[in-house]
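Starting off with a structure, shown below.
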Amino acid sequence: MSELQADRSSGRVVAGAGQRRSAAGADLLIAAIGFAVLVSLPFLFSSKALVDFVIRCAAYGLFATSLNLLVGYTGLISFGHGMFFGLGAYSFGLLMQRTGLSIPAAFVLTLLISAVAGLVIGAICVRLKEIYFAFVTLAFQMLIHSVILSWQPLTGGDQGLRGGIPRPVFLGIDLGNQLHLYIASCALLVVGLLLMRQIAQSPFGYTLRMVRDNATRASFIGINVWRVKLAVFVLAGMFASVGGVIMSLFVSGAYPEFAYWTISGEGIFINMLGGVTTFIGPMVGTVLLLILNDTATRLTEHYGIILGVVILFFALGLRKGLMDFVVEWYAERRDKASTRETST
Amino acid sequence: MTIESKTGESKMGINRRATLALMGAGAMTVAAPWVARAQAKAIKIGMPTILSGRVAQLGTSSRNGVMIEVEKLNAAGGLAGRPIEMVVRDSKGQPQEAARIARELVNTDGCEMIIDGEASSGSFAVQEVARDLGVLCVHTCSEASSLTADPKQRIPNAFRCARQGIHDSIAGGNYAAAIAKAKGLKKWATCSPDYAYGRDTTAEFVTYLKHFAPDVEIISETWPKLFQPDYTEVITRILQAKPQALYSALWGGDLTSFIDQANLYAMFTQMEVFAVNMADYTALTVVKNLPKGIHSGNRYIKTFPATAENAAWGDAYKAKYKEYPTNWSWQNATAIMLLNEAAKKAGSADGKKLAEVLPGLTVKCPFGADGTVTMRAEDHTIVGYAIGWGTTIPTEPYVPEVKAGDWKQIFELEAQWKKSKGYA
Amino acid sequence: MDFDALTGCLVSSACIVTQTTSGLIIGMLLFLVAVGLTLIFGVLKIVNFSHGAFYMFGAYFALSGYQLTGSFIVALLCGSLGAAAIGLIFERFFISRVYGRDVLMQLLVCYAFVLIFDDAVKLIWGPEFKSMGMPAAFQVPPLFIAGGVVPPFYLLLVAVALAVAALLGLGLARTRLGKVIRAAAHNPAMVSALGVNTALIYGAVFALGCALAGLAGALAAPVRSLTPGMGFSVLIESFIVTVIGGMGSILGALIGALLLGLVRSFGSIGFPLFTDGLMYLFMVIVLVARPTGLFGKDLA
Amino acid sequence: MLQIQRISKSFGGVKATDDVSLDFADGTLTAVIGPNGAGKSTFFNLITGAFRPDQGRIMLDGVDMVGRSPPEIVRHGIGRAFQVASIFPSLTVEETMLAAVGVDQRRAEVLHRRFPLPETRERAAHTLEMLGLADKRQRRAMTLSHGDQKLLDIALALVLNPKVLLLDEPTAGMGPEERWRMIEKVHELWTREKLTLIFIEHDMDIVFKIAPLIVVLCYGRVLATGTPEQIRANPAVIDAYLGTEQHEGAA
């Protein structure tokens, strides 16, 4: 993982300790503003497609950002993160269809299910290193996908959960109404991002980085590496499952594709696109990928070539994600400006 | 207003430039391409379908089927006087993309109705969009019976214009039972793809085979995965069981792979084979060493029904697209014919009004068993289309004799089936 | 679950012969793809996610070669050489830029080419599936051995794969090039210090790996339908094989492929609806018991 | 009080540590010397839990450390620094310190707690000050000089307030002048922090000048222990070690 570290070292703007003290407050403020802007969008633009777009951004954004907790912060390259996306969608969908639970109850239960699944699978996976961790998570994902396909009476097999997801009104919120769903998705997104940001900035977040940088040394300052990896695996899985819940509400169903490896692949792609060294990178990547995907499928049926070329541009041209690039560029400019100031 | 030749790409030019120019300029400006544009006089019909990946043929031949009829219709003045503009998008076979595209087609592109060219899981996702948006939706590719048969699935604004597994199975069961009795085929094996369509049609076929020939026994079942490249283990397993006859719901490339590989084991000399999806030009023209005498249901065959209209339609399609139509082509073409007839009856191209007149509507159609097909009112699905079984030969006309299925019998048994499923 | 069928099969010599040979057939074709994958990983340290595309190219080039000449030998040559040529270009112009870089970057470049190659095939050969047809020489009735059925074409297939395995093993153990390749796998810096052109070695190994995948595609072309994206399921299975066998180990690829073939052929009798799941379960178990695979060395 | 009681460890039949018993009283400064392959680093690895001894006990204030994981042992108060500076390349000096203290302080990792706490910052600042890294707070660990990286490694161990600190060749890879500066710092640490300090050192001049106590390891066994005078006078040591190894530099 030497390259990720090298990229990281060159780019990030280092905040002083004093600045960081107020960081939590600043995050809260940014989150509040972000939420306000998102909520006002449908009232400013009467575009239903924009509403759909933001809901999808919320689903994929939570998923991709949670993956970055693993990939970027902890150095755990998971190829199976999509299993939690699928698990979230299926658990929530099934709970709503089969039990008479209210939406908040089903949501909490879904989080619990993902946490338990993450605990069991993570306990096995996080022992392995690097590429083998990647493969074993991929194997688990495919295993879950196979189970979804095979367990037809419960999951509906390849046809997915059909018949729509019932959405009883709770606390005056009617998720059957697209605008309500939109606001709920935005709220989940903002709260989710805020929580993940807090995790990243907490002592635990620094532990993650220590484990990524030098797991051996970390264990000799008292960090139980296995437990830290497992904890972040479970947490990331829970956030990913929230993404799945939003997606299941958006399409009003759950499909085996949600648990297929391609979802994990897209998550990694989003991270590379947006950059893994900034917290907001995956979110930027999500917006980029969705715009790219939506535009490319509108333009041509050979969108594979377009997408491929764009990926190559990022991988071989920029050699880093967009946000990494922006941050570096900004840092360089600031350095230049400061040298100019000192010289005059 | 010009008529889009293929996918409505020229229109997209403006949108593309706008979108590209605004990419990366922040969330506020990103919203701009979605700002609704003024409604043109043309009626836009959106079509999510699968244009990439292994079943790209599903989408391309569906689109061809639609376009050949749309062009005719536009030349004749359009849908209730309004020219049709098709907007076809690739869902890559992913249900969430199908749902997303369907929503976008309606919400952004201003499509007033949807022709859903998705395979079954995608069509269930599109059904939910139609339920949510209330837009007129015609499913043209999904053969999964529950889509329309199950009253929980049904909505007033969605229709299916495609053959159904249950119909095929009743006709096939009847046909196969006759041969089983004549040739004394008692031990049967099945080999179908392991997904909803494969499982359902196989179960239904077996039900009706046993209904008509009660002493038949299924001694082996194999369920290869959809798109499995290698069937060796499946073939040897079937051979182990030594059945007298084999039923398969494999289709497309999977079916041709299976045949090529089964040929190596001389499977077709050891048992009678009933492959419901064999008599489709995509498979018939591709298999190089087609064994003689495979029993198959009709998919699309220009010689059945043996009418001049059908033959002419098949030839016109081939002349235009340099290949024979597929099963999906006729289903999509029929959808346009139905919409046209409904628009004439309603005197309008408005989706709501069309949805009111479509139930029970009968339309003249080259693919009808009696020259017409009907959109059955009770469950919004077409009936009366040409359905039959015959045996294949390796050269044109591929299926020289097709024994037509009996729709009266199909209706009777279908009604019983619905009752047993709790649908009626 | 169908344990009766499985035990029934295990006591019948006809069933054992047929299922074992069918496992062998599935396994050997998979071995050809997987061995290229493992060779490339062993020497170049690249996880070639686009390897399935070369299997696809092999099949399509073989189809074109066969249609032009009618000779299956020419088709095999077209398939393997065509895949090798594309592989060489791909390695020289793109893969060579990501040596030693992040695994993610390497995967991303490969992923980009999976998309591009699939679309390219769609543009060149069309989106519909194709079938090559069995060469006349092999349109003969199957052989019966101990009550089991064995098609002659598959005998050829297994023979070719075994010959490739033997040649590779011998070549790496005995020839000078083989020794250099093994040394390069072990310590690239030292090999280049000794004055060996590593770029040449890397290019050659990548092309060889692609040629093997292409050969597998060409061998499979008469019995499998050709579609854009056909390499994907093969890729996933060969990944399972290499991971089970141990990344970088040729023997591991052979054993892994055979094991997987047998799991599939006997699994289809015992667990007909969960054959795929069985493969993944098998992989999870192996990885948990031996994190570097059966014959893998620890990377660290 | 750290008591090593008859510990042994073999690797594939080779005895890297052979029946070693040693007591380190609180507040002592001990140098561990011995030729290459004498088992010095293995000895450290056994104490810190990186390896588990085949037999024997390691008692810290009466609690057996054998069988505990490295993180647990660290929490019991045994810190260590490494021969090759082991740091977190992408974190800044300050982040490294703050995070290390954060890890130490939390019992249950409180996610919502604002970070860093004032006392955390104080401890981190104090440690950096002591090791002379205060003005390099904002530098990324990977951009530090070799010597500073070693200091950071020591600071990491120190910031956790260990009772016992193990330093594996603090002067490895340094020039003569740098070595003296480093060892002075180590000595200063010992006097100021009143901890039990054990360090491995190759440079005999340094050892004999600053270490009140010396342990000589050879082929996994304890050859001798005692004050510099006692060691100097020990014939076994002179035979086995000093005679041949005098001129060997740091490995």
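Residue numbering begins at 1 within each chain, and the chains themselves are lettered A, B, C and D in the order written.
The working rule: a contact is a pair of C-beta atoms (placed from the backbone, for glycine too) under 8 Å apart; a residue touches a chain by one contact, two chains touch by 3 or more.
As the structure is a computational prediction, the values presented were derived from the model and not from experiment.
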Shared chain contacts [subunit A and subunit D, defined touch]: none
Innermost chain, where centres are averages of C-alpha coordinates: A
Distance-maximising chain from subunit A - centres being C-alpha averages: D
Where subunit C and subunit D are represented by their mean Cα positions, the distance between them in whole Å: 51
Subunit B-subunit D separation of Cα centroids, rounded to whole Å: 74
Whole-Å gap separating subunit A and subunit B, where each centre is the average of the chain's CA atoms: 37
Chain centre separation (subunit A, subunit C; CA means) in Å: 34
Subunit C, residues touching no fewer than two other chains: 118-119, 122, 273, 276
Subunit A residues counted as touching two or more neighbouring chains: 302, 304
In subunit D, residues with contacts to at least two other chains: none
Which chain pairs touch, all of them: A-B, A-C, A-D, B-C
Contact set on subunit B toward subunit C in their complex: 51-54, 56-57, 60, 194, 221-223, 225, 227-230, 232-237, 239-240, 252-254, 256-257, 260-261, 263-266, 282, 286-289, 323
Of all residues in subunit C, those that touch subunit B in their complex: 9, 12, 14-15, 18-19, 21-23, 25-26, 29, 118-119, 122, 127-134, 138-139, 141-142, 149, 151, 153-154, 220, 222-230, 233-234, 264-265, 267-269, 272-273, 275-276
Of all residues in subunit A, those that touch subunit C in their complex: 1, 3-4, 71, 77, 124, 127-132, 134-136, 138-140, 142-143, 146-147, 150, 261, 265, 268-269, 272, 302, 304-305, 307-309, 311-312, 314-316, 319
Touching residues on subunit A, where the partner in the complex is subunit B: 37, 41, 44-50, 52-53, 56, 149, 152, 156-160, 162-164, 178, 247, 250-253, 255-258, 287-288, 291, 294-295, 297-304
Of all residues in subunit C, those that touch subunit A in their complex: 47, 94, 97-98, 101-105, 107-109, 111-116, 118-120, 122-123, 236, 239-240, 243, 247, 273-274, 276-277, 280-281, 283-284, 287-288, 291-292, 299-300
